[in-house]
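First chain A sits with chain B, and in the next complex the same chain sits with chain C.
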Partner chain A sequence: MFIERIDIHPTHTRDKFKLRCGKPFPFGATLIPGGVNFSIFSRHATSCTLVLFDKNSPEPMAEILFPKEFRIGNVYCMVVFGLDYENIEYGHRMDGPNNFKQGHWFDNSKILLDPYAKIISGRDIWGVQPDWDNIYQYRGKIAFEDFDWEDDCHLDIPSEDLIIYEMHVRSFTKHPSSNVKHPGTFAAIREKIPYLKELGINAVELMPIFEFDEFENSRLNPQTGEMLLNYWGYSTVGFFAPKAGYAATGKLGMQADELKSLVKALHQNGIEVILDVVFNHTAEGNEQGNYISFRGIDNQTYYMLTPEGYYYNFSGCGNTLNCNNPIVRGMVLDCLRYWVSEYHIDGFRFDLASILGRDPWGKPLINPPLLETLAFDPILAKCKLIAEAWDAGGLYQVGSFPDYGRWAEWNGKYRDSIRNFIKGDGNINDMALRLQGSPDLYAETCRTPSASINFITAHDGFTLADLVSYNHKHNEANGENNNDGENSNDSWNCGVEGWTENQSINDLRQRQIRNALAILMISQGIPMLLMGDEIGRSKQGNNNTYCHDNELNWLDWTLLEKNVDLFKFVKNCIAFRKSHPILRQSHFLNQDNSGSTHPDITWHGTKAWNPDFSDHNRTTAFMLCGRQIGRNKKKDDYIYVAMNMHWEAHNFEIPKLHKSIQWHIFANTGVKSPEDSWEPGNEPLLDNQQEVLVGSRSVIILVGK
Partner chain B sequence: MAINLKQVADVSIIEIEDKNVDSRTVSNIQHEIMPLIESNSKFIIDLSQVSYMSSGGLRMLLSSYRKVTAKNGKLILVGLSEEIKDTMSVTGFLDFFHHSENAITGLALFLEK
Partner chain C sequence: MEFNAILETAENTAKIILSGELKASTAPTFKTEVEKAAATNPQRLVLVMKDLSYMASAGLRVLIFAKQKMGANVDIYIIAPQEMVMDTIKKTGFHHSVKIMDEYDNDKVEA
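Let's turn to the complex of A and B:
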């Protein structure tokens, strides 16, 4: 039986357009039989006009006022029939009060982007100078939401098994040495999947890929004359649209298909996709900023405003999205649901997430509705939620971010502790906690080690190679007189600031890099590796390269050849982590010794069973026993790790095990490649089973089997 | 006419005659292809005259492919320009199709079992 619906027929006519009252949900532009359903919220607007452009036209081809009877509550909704939807661009004009103190910014002369636009044109090809006279810069387009995923689904990798690789889409392949067909794009990442697979990571975390304008606040560096851009993209224009300039097919408007195709291919290779999302502010900036969307649609709803009508600036970027307003909360939820269901995204890392826990006046909430909503949402139920648990307004919530049993955190304390320990300034007690997944931060509230995203380096701050080569930041190229970027880096240059030919300093740096990576991979919690650290990437001491579209950010693939030894070391460390469940426990250690003569973790010093937790001690060792009946009831080996951050070598007495078990050496950062690490399973037997010499500033990892 | 139809044995060769396959032309093409798909099961779609294929055009191809394979038929694309092939490759469309250099090599694919 087939009976035609009667709502495929128009009820109204305006000029050449056939119309009908639309459906209020879903918001945005939705393809329906015969037409397009447009729906947009505004609480304070007095009228709304749909503005239609032919693709790339400077002037609109039509403006259709939403008839009064097409407004349901605070939602304007209208079906327009017979549109050539592949070739139109749309926006809205909103009329309403314009009163700064009351927070109203309505201006009928502005054409506004739909907050729910799924495709945005205007910056279709990266780096092409925009025409600033264009009356409508960022244009909503209608998306086909019909990608053929075949049997693809979310990978649902258990959190404790994740090994995250933080990367920037353009930086990963833009360098000429990348040898890909479309450098700097989603398509190029797909070409490089074999590399990621060989490295062994199982999740990529993409720095912002929501549409942004690389030309926002673009300027020339006064010293070099070089164009500085909004390169990293932490400034969202549209939350539902992928960045067109990151797609080889952005010029054809096919960025959604290209990104989906990348996600599908990554999934086929066992790699999850986590997006770095920026909900703390938008690209509209402060009171001097441009009208793009929200401020002209309903400024008072979308932004946190002072009683005088100014923007609160908890983001450090001019404005603050009003995340716990119910309308905005709904938008954030719709957005994440969309990315999970439409793009098969596996998780999100929330930039300056503490803002998401503030009320509309900026006060931190005990039980923030947005964070709770996301934690309990049925569609987001399996995806990873990761908070950058601080903001630019001084809220620091590492260890106390409202988690509802779901949220993990970028563990800034892990980063600080490991950095200090490696340079010889650490605190052994603190270090012991970090190695165990930071129980001091997470155990009391019944969270697991997976609450801790362990990282030593990330996009903000030094790369690992720079961390061991610079005492101070060198951000002159940013054109801000070296005033931007973090001052406290806990870094050590090993004797000379920056590049040197001194072999012993370079050897020490190589060792320090390996120490850091080895410690990262044997810590409980979720390790996150920064793109390029596995091949010694440097940013010349710049710790805030947000504005550079050049070699400072682009990954130089010739490093893979130059530092192939390091790459092999990292690869082995990752494989080692993957082959030992005892390194990836879903509960805190020191709780369980059932089925074994040893507890799951024991601490040692240069003398076995005699740990020294005194101040200024620079050596420590621990042993993990995998003989408990743990996860999957699979028994693991013993693992012994000795860390000597003293400038002198020390002999470490190794704990004696049952005579059937012998110690093998997996890694020793104190010796040169290829003997710095071994493929898991092929570790050579240790000659001396009683003690091992750990060289100055070195880490040794043994496996007892 | 948006297409030119040739029959070689039991294979229908559909040559698309529009230079641009986009929302302006795609419904005509679809209109002409669909009845053919109902009545046959072996197809070659020849795109050698096509220089631009929009997102909607690619969807028309995939939709045709789905209809053909749903009744155990076979559809081969031939004459893809480098650019169209590249677009199809990075957006994942190419993975679905058998494709070949030209109609003759395409026909050979039907002879292989």
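Let's turn to the complex of A and C:
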């Protein structure tokens, strides 16, 4: 016999609305049979009102006070029956104390966004000027969450096999040259999957895609009159909602479907999706900022506050989310679980992650509960956790980020070492460590090379083309008198600042770009490539383009034709990495896993077996022995890499191999395309098996087989 | 324009002719017709959208429901969608799950 549940019927009536006490979990607005369950936390509020709008309507159509019997602990929960849930927007008013020193900012005149809102309207179409007189700017909407994933699942690519491509959703296809139907959107990325596949990367890392307001702190550039925006989006409005303005269907409220469709398509093509997430602060800013959500819901809980009630500013953005408060910790965990389970996201890169290890008063914790919770969470168990292991409050934890055997780090030391080495200022000892996955940082604590996300360029700082073209940042277009952005770039312009027609300088720059990319792809650890570096993208020397919705950020696809030789070089380097498991070890080198007595890595100089680790030396070479592949991976070839960052060419004596094995040349950055690299498997035999001439500031990679 | 969903069944094919605006308030009507169609165990579900002028998120959801309700062995054909409807289907990736045609010819499909 079928017995109907009785808890689907209303118990209360307010005006035209039928209500009953809701379920406290899950937080947020959840569709249930016949109605919507609204649930929101506030410890210090004295009352809460649900505010309902017809879609796009300037004024609320209803306000429903949560009856006191609908408050369970510190959670207000209520079911409202019969809502036209596709056509409503919702928010809350909270009443309570307003006392700055105590950290309470309650103001029931404000309508507040639900921190768990899954869809947010208000900035539905990118760049459309908002109506600032609107009493409720960012409006919660109800999500359906019934996407048809078919047989899609997380790819679970082993960390050591990852090749990450860091990209900005809008910048990737906004340029007119992209030739896509809906430039700057999730849908457009789907059109460009064949390009990513041809390049060979197997993970995209999307710069922030949580709902943000591109108009936050927007202003006119005093010199050009151009509108400057919060373009990159490192300022979250809602942690559970995708950025509507990144969806061609945002105006229809279908951004979730569009993003899920992109994830599904990327998975079908063997590409994982990693999200760059910003939990260190919110878009509410400092004491002068607006009420959006947390400030009015429970300021004292959600933010780190000084004893005087001001916001701590470890983020450099005005406030700091109180991540190790148990409530906030729960929200972060809920959020990540949601993105993994509902959007099939494969990993996260945490912006200014060191903040996540601070206590509510800002002191670094030895055993931060949030980081531990994320590391051991069963739903996040297979996803990649990547820390930007520093913050704006001076905490720098590269090599010491609390990892619990799970966390990887953006390796800033790798970036600095490689940059210095390729411009001839590096330290060979330091370089040797970076090439091996930074064992000095990670081996002692039993971490693996995969703890090191190796990158030379990222969204912060110069592109690779600019790294070899500028000695100094040129951020005038940002309207901050060139005071913003990093001053220490370890860059070298090769003789002339910026664009030049000097052929020898341009040739050198091309070599330097290839040197950097070749080194990145033969380093142990996880390589990360910045969008466009594979085709020589420049940002005209601007190393902090956070505010530009223009060609400074947009990827110019005509570069693919112009720099097709570079693209081919990068493609070959990626394919080479994928072909050789010895380049992707899950353990640190200097071991004899196969028991063959052949060392897995040996160091050399211009004379074989004679490395020179002295200061100011600009040449080095190493050889990897493919026989040392263990742990279910097939045996590999020998790989020999000679690096000459001296301004003169040098002969390198090559280690002699067994007579059955001969050296073939995979890459030589000292010669021009098409002989700068070869498709793996088609490497030509090296004429002289005893020594090889490595040109000035060049890298040669040989494969012994 | 008033929404209408008319179900016609013949042999192995269930055809639903849609017109008007498919949104939250009208989606249940469409859903009911999909359920009736599924009950006939067709091999094909043909959705004629020539006169469907608008499709909101709720409409898309019924399409997804239709696909799940019919099962993997039933092909879904979308016939002559207008540009706005087609655009919505494509941007959200649903076009990978269905067959889109300008017109439906049962004989050609069976061949």
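By definition in this document, the second predicted complex is superposed on the first by the 697 of 705 C-alpha atoms of A that agree within 3 Å, B and C clash if a C-alpha of one lies under 4 Å from a C-alpha of the other, contacts with A are read in each partner's own complex, and residues count from 1 in each chain.
As a convention for this text, contacts are C-beta pairs under 8 Å (C-beta built on N, C-alpha and C of every residue); 3 or more make two chains touch, one makes a residue touch a chain.
Because the structure is predicted, anything quoted here is derived from the model rather than measured.
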Room on chain A for both chain B and chain C (clash or fit): clash
Chain B versus chain C as contact partner of A:Asp615, first or second or both or neither: neither
Which superposed partner A:Ser261 touches (first chain B, second chain C, both, neither): both
On chain A, positions contacted by chain B and by chain C: 84-87, 144, 146-148, 182, 185, 187, 190, 247-249, 252-254, 257-258, 260-261, 264-265
Residues of chain C that touch chain A when the two form their complex: 23-25, 56-58, 60-61, 64-65, 67-68, 87-88, 90-94, 96-97
Residues on chain B engaged by chain A in the complex (per definition of touch): 22-24, 54-56, 59, 62, 86-87, 89-93, 96
In the complex with chain C, residue positions of chain A that touch it: 84-87, 144, 146-148, 150, 182, 185, 187, 190, 247-249, 252-254, 257-258, 260-262, 264-265
Sites on chain A touched by chain B in the complex: 84-87, 144, 146-148, 181-182, 185-187, 190, 247-249, 252-254, 257-258, 260-261, 264-265
